[in-house]
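Each of the next two complexes has chain A plus one other chain: chain B in the first, chain C in the second.
Moving on, here comes the complex of A and B:
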């Protein structure tokens, strides 16, 4: 048994402990992803996905390297552990892993460009909400999929002002 | 097993570049001749024997010994300078069959949501989050079932070459190694009066109010939170 002192790094997640708050981030991992997929020097984008964009299976589109596509998605999904803002877009993009086309790859690149501009985003756990209470929120787009009429829902749970778990699911 | 080139040395002679590739040995035979590697292997065998992992014995009928294999690793600084030659003895656990050689392999680990929950609780209460790490965790797991392994290549006991080794502790590569370790940790924590959380098996709790300690387990990483740092210090042993 060895004592590593205060927690600072756990499974690729960086933790910073300060007097009144704790931060949780994956900036190093995000940098690694950008480097790995050749997006280290790209221009930042403001949104993770074009507003109002409707991705579909795009059967006639030009296919891209599916392995590469799945790799990016896999990496991005691990990043979701500290990035609730990406939960929806990554989840949408991962629906097309079976047969990705240029359109889907462009959507993923948009996510990476957005990541470039927001690489320092982190979760902050503060001491302000002293009452330790679990609060949950959820929403759904009610049949948002144009073909299958299935809904995409999302939820987020806070413990006394600190976001602890979230998900976006079709 | 594929060979991975580790060091690529460049020798320049008469302006001509010559690329020499050295590979990490994947067996005892390949390692002989390299002092560093044989030393690393000697060290590994010594530590296993010190740990009382196995005992030499005759094979009982109906059991099949599992082969062992060397996995070697070069630890390097970021500038490429070699720090350490590391040799690890692993069992070829893939020959073990479910239902025959073992039954349960499941070992709980803390979900990342749980880790975040623990962090949020600590932040909210103004507690510190400590991090502990268990060295050689898998080698500490105790095996309940009978497992026999062949003698490691190059370290056969003279005159008893056809004997096998009966394991009492786990080795890397065994299918049940993670679970064996988890059971041992579980027993150990229960002895220390920790209670396992019913809905998240990787969380342990002890005490209430000021003396409370909450523990998250991720294989050999322990995340500890508590108000009283003295209590934590005591737990750390």
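Moving on, here comes the complex of A and C:
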């Protein structure tokens, strides 16, 4: 077995290891998603989802190709490994995979446009916090889901100031 | 369902994860057991996690959600108050406005270092 040196690329996730910090990113994968779904040349958006926008099941809406919709969601979910800022929006969009309509597809396109504008963002792990302690944050949004009236809970855990675990859950 | 109750349930879920992470860290690093700090932005939920006085009014809550109080008593978890503006889990529960999105993104450790030589 030969030594290939420091880890730099693994399953679509690019890793950069430097003296003071480590970065984890999926820029190439994000570009691939945008190309695959014909959004390579789209205009960038500032939000992944309009603040206050509430998606509902939209029973009377015009249905779209469910397979295509699920495909986009699947790709976006893999991207969440390095993009916790998208966790909530992708999670909301993935609630409508059973019967997606034009409204849901537009929400997904908004995410892709946001992705286009923030494609270079990456997770950074620094050595800022010298004290290696585990700190957690937990928050919830009451009745955020219009369909089931259930709440969305979120949590984030930091070890020595760097994010290690996060979750957004209904 | 009140927001207090809701925060309480979210915190219980976070507690389970916290204990798991704590044990994992004990296993893979040479360190002593530490108290995990858990930040919640709801005062009444914190009060509920810390003492039993409230119990009469919130009895209907399922017993499993009172798991967190046991953990607090055992000294495994320390619940602390954090202001909503510094609540780092905020971005995971709602769609944020532009200014807040940038702040929260930074707090989560998602940063733009594109100037960096790759």
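Here are a few things to note about the model shown:
The criterion applied here is as follows: the second predicted complex is superposed on the first by the 168 of 170 C-alpha atoms of A that agree within 3 Å, B and C clash if a C-alpha of one lies under 4 Å from a C-alpha of the other, contacts with A are read in each partner's own complex, and residues count from 1 in each chain.
Here, a residue touches a chain if its C-beta (ideal position, glycine included) is under 8 Å from a C-beta of that chain, and two chains touch if they have at least 3 such contacts.
Note that the structure is predicted; figures quoted are calculated from it, not measured.
Superposition model on chain A: chain B and chain C are shown accommodated side by side without a clash. In the superposed model, A:164 lies in contact with both chain B and chain C. Within the superposed three-chain model, A:89 lies in touch with chain C and out of touch with chain B [touch as defined at top]. By the touch criterion defined above, A:46 lies against chain C but remains apart from chain B after alignment on the C-alpha atoms of chain A. In the superposition on chain A, A:153 makes contact with chain C only, while chain B stays out of contact range. Of the two partner chains placed by superposition, chain B and chain C are both touched by A:125. In the superposition on chain A, contact of A:17 is made with chain B only, not with chain C.
Contact with neither chain B nor chain C is seen for A:26 once the two complexes are overlaid on the shared chain. By the document's definition of touching, of the two partners only chain B reaches A:81; chain C does not. Between chain B and chain C, C contacts the larger number of chain A residues. Here's the short version: in the overlay, chain B gets within 6 Å of chain C at its closest Cα pair. Contacts of chain A with chain B, set against its contacts with chain C after fitting on chain A, overlap at residues 123, 125, 132, 159, 162-165.
Per the touch definition, chain A reaches chain B in the complex via residues 1-8, 10-11, 13, 15, 17, 20-22, 24, 81, 123, 125-127, 129-130, 132, 159-165. Across the interface of their complex, chain A is touched by residues 1-3, 6-7, 9-11, 13-14, 17-18, 21-22, 25, 29, 31, 34, 36-41, 82, 87-98, 101, 104-105, 108-114, 116, 118 of chain C. On the side of chain B, the complex with chain A involves touching residues 112-113, 115-117, 119-126, 128-135, 218, 221, 223, 236-237.
Against chain C, in their complex, chain A makes its touches with residues 16, 23, 46-53, 82-85, 87-89, 118, 120-125, 132-144, 151-159, 162-169.
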